[in-house]
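Two complexes are shown next, each including chain A; its partner changes from chain B in the first to chain C in the second.
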Partner chain A sequence: MMTLNRYIIYLVVSFALLMVIFPIYVLFLIAFTPAKYTVDSVFPLLYPGGFTLANLIVAVKSFGLIGPTIRSVETATLVGSIAVAIGLPAAYGLNRLPRKTANTVTATLFLANMLPAIVIAIPISAEFISFHLYGSVIGLALAQELVVLPLTIFLLQGAFSSIPRDIEYQARVDGAGLLRTIFTVLAPLAKAGVAAAFLLSWMISWDEFTFAVILNPANPTLPIIIYINLFRGNILASSAFALILTVPVIVLTAFLQRYLKGEYLTGGLSG
Partner chain B sequence: MKWQEKYTTFLFILPALAYMVYFSFFPTINAVYQSFQTPVSHFVPSNYEGLMGFGLPFAIFNTVVISVGALALQFALAFIVALVLRREFKGKGIFSTVFLLPFGIATVVAAFSFTNIFATTGGYANSFLKVIGLHPINWFSNWWLDIFTVVVSDSWKNTPIVTLILLAGMGTIPDDLYQAASVDGANAVKRFFHITLPNLRNYVAIALIIRGLSEFNIFALPLILLGYRPVLLTTLTYEFYSTTASVYYSYASATVLLAFILVFFVVVMKLRSGQ
Partner chain C sequence: MSKLELIGLTKTYGQKIVIEDLSLKVENGEFFVILGPSGEGKSTLLKIVAGIEKPTRGSVIIDGKDVTELPPDKRNIAMVFQSFALYPNMTVKQNIEFPLKMRHLSKQAIEAKVKEALRLFEIEDLASSSVTKISGGQKQRVALARATVRDPSLFLLDEPLSNLDARTRFAARGELKRIQQTLEQTFVYVTHDQKEAASLANRVGVLHKGKFEQVGTFDELAQTPITKWVGEFVGEFPMSFLPGSFVGLDNNVEIGFNPYWVTEGDPGIECLVESVEAIGNDLYLFCSVNKGDKVIIKARAKAQVGEKTSFRLDRYLVFKDGVLISKI
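Showing the complex of A and B:
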């Protein structure tokens, strides 16, 4: 019986691994092997037929890889920074409020987060045009903030709750104001959690599609440039862009794994 | 002193709360309002009537089918993986890390890979079929296959989230329950249906809400894999936004989407609190 269970576990594990890895493998295959083995053949090879950097070099030279990459980095960094700046006090506040009030706030945040991006984005685009934010990095970051802020707050709440309140009282007794206590005493103590919150919002913005395609079609970020090139049939170019988009994300996901707990992903509803 | 502290605390939450409420509720209400406007008249249902001619009922049907299909597949897979992850085995750490990767990978990248996997010529799925001696398939030749490819691609991307939530729920079930059941002679299957599943109801509901709402909003994947046909509520909205002069049709389509999301939310919440 015991050994049978073992077999089933390893069977499930190997099958799941295969399923998860295959699409990522296909991305690397198309990006790094000559086109004749991949997109130019009727039945592409399932193993690497050769190795080339030509696809990437062509993408950098003739498809403007630099602009969208810089724009994506700027947007994501702005989204992460705003999320932490607004999220830190909010997370602290939620932990200190009476439970009932806190639950109402959580529910409101969750409800706002639940409204579809595509419903919000179209009216916002009209607003942004009149505020000269349409097509700008700042405008896109402000919109994407809606996707990440609640998640950031829930994650930070978790990070704060493990800090003993005595430390906070000590700082207050020593004369530090509440805001200063949060940013100079509590945040450094929860720095792993704060870093995780920043990186998670950074990553979600880096990947975000709906707001980006509606608000910034003319100044595309990386996901949009991938879509545009796929749409035009430039599979090799989009493979290069997809690679640039994916490599940091693989590192980030592995790093963030410790913080990606079901409790935070449930949007504070499980409590 | 105490009440003062309470209000200061609330001030800390205010920026985040105001931001979320202002930027999501206002545009949403605006979209609903605009959906009843046309350039020449106010408070008329003509945008909705117009949309009927562009396949609104079919868009609703397809959106529901894809959502239900994707949820079913994701929950089935997530339960299996979550049950495995509750056990100890060699290589568990690496497995959990790799299994989580699709969560971080952009939807557009998933769409890129699956476009190449399901491509009719030069597709990896057909290469695989050929290697094992089967006939290649035109993966976009009929409605069933269109739906199937989107459901599979979406489940690849989103099963990890469902798994994490279910896993968090399984962690809250006390071990005593299982031990007691074992002593009483309940086998693994019985334990799953009589202990795991009932105790997970809350977490299943949460996962259903979070994933269900996202499923109704599924956008980048069908847009890239299928284009605008078969039509979904999101791609219909985007089609009118990006290709025609009448953005009012977009608002109408977006409002229908919103209505479905709210209904779904209310139904699941009722089911969760009921019984």
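Showing the complex of A and C:
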């Protein structure tokens, strides 16, 4: 019985893995195999029929890959930076509130996350036009902050709550002002949490679609350019772009693994 | 001008009163110890002086300047916490540099001062070690070095010895006194330890129910406690109390005495030995008088548990309603 149970578990795990890995495999297959074996074939091969970099080169040359990539990197980096810059003092403040109050505030912050993004995006774009933020990287980054910031604050709150209060008092007595204490003493001690918050924000922004398509249609980011090319039937270009979209996520996730421990994800609810 | 002056300090948390209408003056160069059992608001009081906690009412005056509304970083004080609160991501040297860097001293000045502090506390060898990898005694030195590296108006120490083992604590106590005398600085020191108070303090304030029950030298507190509570709390042994009738007084007064204010022998107050404790060369008997009242007396000779003995009072204090009324 034991062995049978074990085989069933292996089977289920293998199937789950296959579900996750297979689409990525297909993506790589289309990107690096000559089109005649894949998208131009009636019966596409499920193994590499050949190898070519031509798909990528064409995509870069004729479909304007550079612009959206740079824009996506800019937006994601801005989102991550703003999230940490605002999230740190916010998380600090919430940690100093009575736990009940803090939990209520954190829950309220997630309100924007509960609403469909499209519902929020429309009023935001109306406001942004009057602020001259519409169609700009900064504008998009600020809109994405709505989704990202509650998560960041939640994460950082957890990271802060594990630092003894005496350290903070000591820094104040030693002559550091409040902001200095937060950024030069507490943040380095919570660096795992800060790194996790930054990377998570970066990744959320990286593949964010709704805000990007509504707030910045003229200067598309990577997910938007993939969508546009798919719509036009440029499957090869889409898959090349999708590859560029995927690789950083895989690398960052691998990097993030060491930070994604329970203690950082319990947020302000721990202790 | 006093170094530190507290006027009418009150601190409440909701309904709970922690500090109540407390006033104090600490003079320049004084080693002042705040003594009290745990949970009497000693640390809270120190945090109010440091500016970490805000008093509900009253003011804190340092060097004649009202600092009640100032944050800790604007008060020019140094503090050593019970946990030492070393910055765990920094080396010993970086820890000591930190308060100087926060005050934007020149590089050369920082270098010179840190070097001096490392030498004073004999931790030169540890300069580049991580503070997470050093012993408790070394941590305490680093914390003190960091506190003394600049010239604060006032040093606040919150039970800085209680995290050390007994042997290190003994050495550290002596060192602390030496440092305070070398620096000629004012220390306000919180502890629940009688021995620390006795050996370190110029003056001791006994904190009880949010107020100083009595302020004076340790000897004064031990010899002439002005309330029964101080008598029971201060000193190596708590004071013993008996109804006034034992010395021919009214029964609405109590007499209090220290173990070494008695002479054992007949005729006197009879008591039953319940336990015996030897401290150094001295023998102390824990006895009961009339079955009810417990007293501690210094024994003349060996005694067995269950034996009867008697003692005479050479001196005693008279308390009425818990307050000292006369000395005999």
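Convention: the second predicted complex is superposed on the first by the 256 of 271 C-alpha atoms of A that agree within 3 Å, B and C clash if a C-alpha of one lies under 4 Å from a C-alpha of the other, contacts with A are read in each partner's own complex, and residues count from 1 in each chain.
The rule we apply is simple: contacts are C-beta pairs under 8 Å (C-beta built on N, C-alpha and C of every residue); 3 or more make two chains touch, one makes a residue touch a chain.
The structure presented is a predicted model; accordingly, all values stated were derived computationally and were not measured.
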Using the touch definition from the top, say if A:Ser136 reaches chain B (first), chain C (second), both or neither.
neither
When the two structures are overlaid on chain A, which partner does A:Pro164 contact: first (chain B), second (chain C), both, or neither?
second
When the two structures are laid over each other on chain A, which of chain B and chain C touches more residues of chain A?
B
Of the two partner chains, chain B (first) and chain C (second), which one does A:Thr77 touch, if any: first, second, both, or neither?
neither
Which holds for A:Asn219: it touches chain B only (first), chain C only (second), both, or neither?
neither
What is the contact status of A:Leu178 with respect to chain B (first) and chain C (second): first, second, both, or neither?
both
Applying the document's definition of touch, where does A:Leu189 land relative to chain B and chain C: first, second, both, or neither?
second
Both chain B and chain C touch chain A; at which residues?
178
Across the complex, what residues on chain A touch chain B?
5-6, 9-10, 12-13, 16-17, 19-24, 26-27, 30, 38-46, 86-87, 89-90, 92-94, 96-98, 101, 105, 108-109, 112-124, 127, 142-143, 145-146, 149-150, 153, 178-179, 182, 203, 206-207, 209-210, 213-214, 217, 223, 226-227, 230-231, 235, 238-239, 242, 245-246, 249-250, 252-254, 256-257, 260-263, 265-267, 269-270
Considering only the defined contacts, which chain B positions touch chain A in the complex?
6, 8-13, 15-17, 19-21, 23-28, 30-31, 34, 77, 80-81, 84, 87, 89, 91, 95-117, 121-124, 126-128, 130-131, 136, 156, 161, 164-169, 202-203, 206-207, 209-210, 213, 216-217, 219-220, 223-224, 234, 237-238, 241-242, 247, 250-251, 254-255, 257-258, 261, 265
Within their complex, chain C touches chain A through residues 47, 50-52, 71-73, 75, 77-79, 81-83, 85, 87-89, 98-99, 102-103, 146, 156
Residue numbers of chain A touching chain C in their complex, please.
164, 166-167, 169-178, 180, 185, 188-189, 191
